[in-house]
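What follows are several structures.
First chain A sits with chain B, and in the next complex the same chain sits with chain C.
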Partner chain A sequence: MATKRIVVDPVTRIEGHLRVEAVVENGIITDAFSSGTMVRGLEIILKGRDPRDAWAFTQRACGVCTTVHALASVRTVEDAVGISVPKNAELIRNIMEAALYVQDHVVHFYHLHALDWVDVVSALSADPKETSRIAQSISHWPKSSVGYFKDVATRLKTFVESGQLGIFANGYWGHKAMKLPPEINLLAVAHYLEALEWQKEIVKIHAIFGGKNPHPNYLVGGVPCSINLNEVNAINSERLNHVSKLITDAMQFVNQVYIPDLMAIAPYYKDWGAIGGGMENFLCYGDFPTHGYNQTDSFKFPRGIILGQNLNEVVEVDARDPQQIKEYIKHSWYKYGAGDEAGLHPWEGETEFNFTGPKPPFDQLDVQNKYSWIKTPRWKDKAMEVGPLSRMLVAYAAGVTEVQDIVNDTLARLNVPVGALFSTLGRTAARGLETKLIVGWLKGFFDDLVTNVKAGDTTTFTKEKWEPSSWPQSCEGVGMTEAPRGALAHFIKINSGKIENYQLVVPTTWNASPRDPSGQKSAYETALIGTPIADKDMPLEILRTIHSFDPCLACSVHLYDPDGKHIHDIKVV
Partner chain B sequence: MLLLNPEGYMQNTKINTTLILGIGNTLLADEGVGVHVANYLNQKKLPDFVEVVDGGTGSFVLLGIMQNADRVILIDATIDGEKPGTIKRLTPKFSKDYPKTLTAHDIGLKDLLDAFYLLDTVPKVILYAISIAPLAEGLSLELSSEVESAIPEIVDQILKEIE
Partner chain C sequence: MPKEMPTMREAIESKGYSRRDFLKYCSAAAAILGIEAAGLPSIVRAFETKPRPPVIWLHFQECTCCSESFIRSTHPIVADVIFDYLSLDYTETLMAAAGHQAEKSYQDTIKNYAGQYILLVEGSIPAGNDGVFCMIGGRSAEQIIQEAAKDAAAVIAWGSCASNGCVQNANPNPTNATPIHKIINKPVINVPGCPPIADVMTGVITHLLVYGGSPELDSQGRPKEFYSRRVHDTCYRRPYYDAGMFVESFDDENARKGYCLYKVGCRGPVTYNACSVTKWNGGVSYPIQSGHGCIGCSENGFWDNGPFYQHLASFPGFGIESTADTIGTAVGVAATAGVAAHAIVANIRKRKLVKELKDESVEINDEDKGGNS
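The block that comes next holds the complex of A and B.
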């Protein structure tokens, strides 16, 4: 038996630092361990502060998800003290969150994930005429002439030959698991460049409504922008026109570039509809409220859990119930007062460091003991996958028609069974499909905002319960959101107007965590098992599955890499 | 507010502006020194053609404002083994010319810099790299005394740069 241990450290093209160790027997992964350097500790900084300021700190926890951490934070305070935000505030928050989703998912697809499937060097041998023909057959996107693709190919040649650009220098080019014809590779590379240009436009929505970007402003009780159609410094007609144009362009990009590319690439990788699954349970907190945060039946993404891959039933989740969500640290570098086997609801959460790991450089993690900075969250002691796939599965099972239609249509077009959803391909496809839905919702939220404003409602903030003197002496709240990467919740305990405890349970915690005390694996470790590895020196297959989750370890991560390495440090031990 | 002003920002035209961009994570103590310097400069009276932005840990979202500026003065922390608080003024061309351990988000600043080449709109970048010690366990909002005491000198050098 040829048993090898493959170490991928760091897993690149992601924020932060993630290490994956996989045991490979006869070309198949039989066991896997995921370790992250995501140190918790924001909790310690927030203790004793004014709860109304927490959003400004929490959104610094992550460089890509800034707005969702701010949103989860204002929601948790509003939940604790009992504030309902005005209609316009709900719509503007939805617009900002939807804009983040669309930008983030497009950047994930083209700039973080595509190069796992697209061979840049192969694109150099493409026939631009054929690429042009393919492009015109799948989309009305205007930039599809032979001359355009010829020009892209020439530019690409310069980049690759210069060897100066890290983005194109470190791929597994020529790997035998790369299956696209050169012409589709060229199409994808062209759109990699187009997506770079486009993504900088859509984020302007954050600057318009949030005053600045990155790190736009949020406010407990509403949104910190005033609406006055005729006032220079407010959200006025001109700014609303800008937003309208940005949304129209976003719809065009998603519908004419992202989705057609996804559907052009997927048929070459249908085998990945049977790889990278393995998770039984899927959690979605739900998001995009349309009639208030407490009216969960008004959410665009419904709240719920799928157990045992059973799409006939949606199980209820209550994050406030101390028996449902608990975090474990048996394999994480922390200690609890109640010992290593205990699980704590986030309201009772503790953050005390207890690093027992090896000093770098080292060959292997001690996986029998503690091996990660990530805690292990569980719902009723079950491991949950979170993210786009969970959202689509819960909505599908809950009977949301537009989700059922788009999922069924995609399965039919790819000619794959429903079971193919539980896979790496399913995860990547779910991200695209939800983007198509969300960009449509984005337009709807915006139209509703304009209608509301034109009808004379310009309220964006409620000052009722702004003053801590109007709050209960002690109270607790949960701010649940669906971040682009999955279920995100902030948990707060307030005493005498100050933060007594604050815990963030972020999506990557659910997916990338180490084993729990009973030995159950979380999503990354589960999904890698059974994956074929064609070339142990180029473990492209590991990256495909890990990247399909869109890992984000920047939530309080150490941001440096001691060797400054931007290549996969592959060791066969 | 030339670059971020929604009207100017929408036009995507090159503006005769110097962008001072502080990068870093203020939750990670000295790693956030770039943002601290930006906040400090924001309280000074600066010429009209200068705009100071707290870039935080934002990466690709900074593409637009950097492209539209005439010149970018970037301030970031680096873990390069030098004494904490050491200031280096660099004029890197490619991402590989930047210090190895400069705010090393994997999809981060360096990929952003590569992106300028891909889009054929490379701004003129002057980098002030501030040496910091390897980060301690956990989070902190406080700068170390070595790095904190270097701030007046960094600010001074940048003010001379834009004179």
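The block that comes next holds the complex of A and C.
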């Protein structure tokens, strides 16, 4: 039997530093290990600081899903001290989050994931006439003429013939697993370039409400921008018109480019509807509140868990319950006071660096022992997958009609069974489908904002509990959100107006973590098993499944030090 | 040699410059890149024969906000940058290849273009501790940066992580996150900000490759083109500061009129950046315009100059003629505040106001967190 350990490090086209080691026997992956190889220690740094500043620190967990940590952070502080934000703030936060989703998912599809499926070099042999015909048959998107695709092909040819392939150098061109005809490859290359140009537009919504992107500004108690229709120095009719235009353009791009492309490419890769699954359980905290963060029944994405792939039942989840969510470090480079077998709820979490791996440079990790900077979270000791697929499954099972309709319609169009959802293809399709829904919700949130402002409500911030002197001496909170990559929660303990303890349990921690003390694998390691590898020197298939999760590693590695030292010297004079 | 695209020399000459101008450009480029005179011919050769300068973009302790910002560039758009201006041979965020194939792209470039490639760095280096806090391809960040910097023609530190350590460098800096200019033995162009403005990033690259000559750097290695003015100096809300009209609390009446955010913590007065001129995302806005104070994200140690919502102690109302070279960092600002206080108050009203503000304010942390000092 031919056994080989394949190492992919760095895994590229992701956020952060991920290493995958896979055992391949007779062309099939039989075991896999996922390792986060970078750590910064944000949670140690947060101790002792002003909780109102935490959004800015935690936002720097990730610049790709910028906004999600800021949102989780302001929510956790508001939850701890008891603040309900004004209606306009809820709507503006929803608009910013929805805008992020749309930008992030489009960038993921074209710039992080597409090159796993699209052969750029093959596009050189495309007939632009046929590409034009296909483009016009699947969409009304205006950039679809023969001349347009000829120009794209010429640009690509010039680029390739320069001999300097830049980001396309050493790609998996001509790989056996690449199945698209040249004409669709050319279409995808054209839209790769268009998406690259478009994505910078949608985030202007963040600049309007939050001053900049990446890393727009947030605020505990609301949003920092004020609304004043009689003032040039505030959110006024011109600013709102700008947002409205950006949303209209986003709807067009998603509905006329992203979704048609997804549906044009998917039929060539239907075999991936049976690869990359294996996870039984799916967690979604739910998000997009429409009547307050505590009114979970008002969320556009419902909260809940699917167990054993059973879509007939949604199980409740309570992140505050110390018995439900725990983090383990048996295979992570930390140590617990209670030993390596223990699991701790984030409010009680503790961590100390304990690197036991090989010193760099090294060839292989010691996967029998600790092998990652990522901790291992579990819900009632079960491994959970989080992300777009989890959101779609929970919403489907919870009976959200628009989700059921779009999922059923897609399955029918691709002529695949429901079981195909639990796969690499299912994950990638779910991301596209939710983008289509969310861009519609984005328009809805904006319309609601206009309606509210028109009715005379321009409040964006509540001052009531801004001052820490108005807070309880000690309190604790959970800020949950659904980041584009899945369920995200921040846990805070506040004492005397300062952060006593802060923990982030992020989507990629759930998905990319090493195995737990019982040996149970998390999502990446599970999903890779059974994947065929056509060419062990060109592990394209590993990238397909790993990218279908849209890894975000900088977020996922975190730590907490119970004996955290002195934090910072601020003298109030 | 395929000739569809102009080489640097052709590009320069097509703009009406002579061969002599081109050589001057090369030597200026060499000077700013810290290349010895003996290395000059290789630069000349590179720009004469290579259509697009090879570029390696490394990622260490970071959040990828710099890469994300880079792709937001509006002029030029990023597709033109990476397909027409540069050959972005290695960037973990966008490159098709992974693992060994990615490593090959990197090795090919540092070998085949030794002394010619430009090194862009995103992220800080966790120094010491055997390098275990950041490992890529089984090697430590420190091992990689030393190798990549050795034969780089120029090194640009993107963002605050690479320039000053940013958030992971904040107290107590658990991983000993270190800016790259403290790791490598080479001149570094620091382009701080969390992230830097997209059009500033492409501007710095263009300055380097197209306009020739050196972008002048200040004492912290930052291009003066973008970092010689305080956000405060060119802030459109500055008149409200001068007139003593302040936001007292978010979304109050004054906030709705767009008054100065100084009293709710704005760091514009001690922050050198282009935000209030270049603005963000194609000139749409910048933090102050959207109602939140500047948090000073391009300054050394800004994370420890908080809490963010407490306003600064007195700051020097230096005239707009002052630059980072004469004032230095926030540290310098605090140290010279006493002297400066006399310079700022142009009238009695302002003097009284500044005194009141000083009485209830926070003092800047005086720990030096970085800089090319």
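By definition in this document, the second predicted complex is superposed on the first by the 549 of 573 C-alpha atoms of A that agree within 3 Å, B and C clash if a C-alpha of one lies under 4 Å from a C-alpha of the other, contacts with A are read in each partner's own complex, and residues count from 1 in each chain.
Everything that follows uses one rule, which is that a residue touches a chain if its C-beta (ideal position, glycine included) is under 8 Å from a C-beta of that chain, and two chains touch if they have at least 3 such contacts.
The structure presented is a predicted model; accordingly, all values stated were derived computationally and were not measured.
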| item | value |
| --- | --- |
| Room on chain A for both chain B and chain C (clash or fit) | clash |
| Chain B versus chain C as contact partner of A:Glu238, first or second or both or neither | first |
| First (chain B), second (chain C), both or neither touched by A:Asn415 | neither |
| Touching partner for A:Phe461 - first (chain B), second (chain C), both, neither | second |
| Partner chain in contact with A:Leu196 - chain B first, chain C second, else both or neither | both |
| Contacts of A:Ile45 with chain B and chain C, given as first, second, both or neither | both |
| Comparison of chain B and chain C by chain A residues contacted | C |
| Partner chain in contact with A:Leu115 - chain B first, chain C second, else both or neither | second |
| First, second, both or neither for A:Phe355, with chain B first and chain C second | both |
| Set of chain A residues, in rising order, touched by both chain B and chain C | 10, 12-16, 39, 41-42, 44-45, 57, 60-64, 66, 107, 111, 155, 159, 164-167, 193, 196-197, 199-200, 203-204, 206-208, 212-215, 242, 353, 355, 554, 559, 561, 564, 566 |
| In the complex with chain C, residue positions of chain A that touch it | 7-17, 19, 37-42, 44-45, 49-50, 52-53, 56-57, 60-64, 66, 107, 111, 115, 120, 155, 158-159, 161-172, 193, 196-197, 199-200, 203-204, 206-217, 219, 221-228, 231-234, 242, 333, 353, 355, 357, 359-363, 373, 458-461, 463, 466, 537-539, 543, 554, 559, 561, 564-573 |
| Touch list for chain C against partner chain A, complex | 2, 4-5, 50-52, 54, 59-69, 71-74, 77-79, 82-83, 86-89, 91-102, 104-105, 108, 126, 129-140, 143, 166-168, 170-175, 177, 194-195, 197-198, 237, 249-252, 255-258, 275, 280-282, 284-292, 295, 297, 303-304, 306-310, 313, 361-363, 365, 367 |
| Residues on chain A engaged by chain B in the complex (per definition of touch) | 10, 12-16, 39, 41-42, 44-45, 57, 60-64, 66, 103, 107, 111-112, 155, 159, 164-167, 193, 196-197, 199-201, 203-204, 206-208, 212-215, 238-239, 242, 353, 355, 554, 556, 558-564, 566 |
| Chain B - residues contacting chain A, complex | 4, 6-7, 9-10, 25-28, 31, 54-64, 67, 79, 94-96, 99-101, 103-108, 110-111, 114-115, 117-120, 134-135, 137-141 |
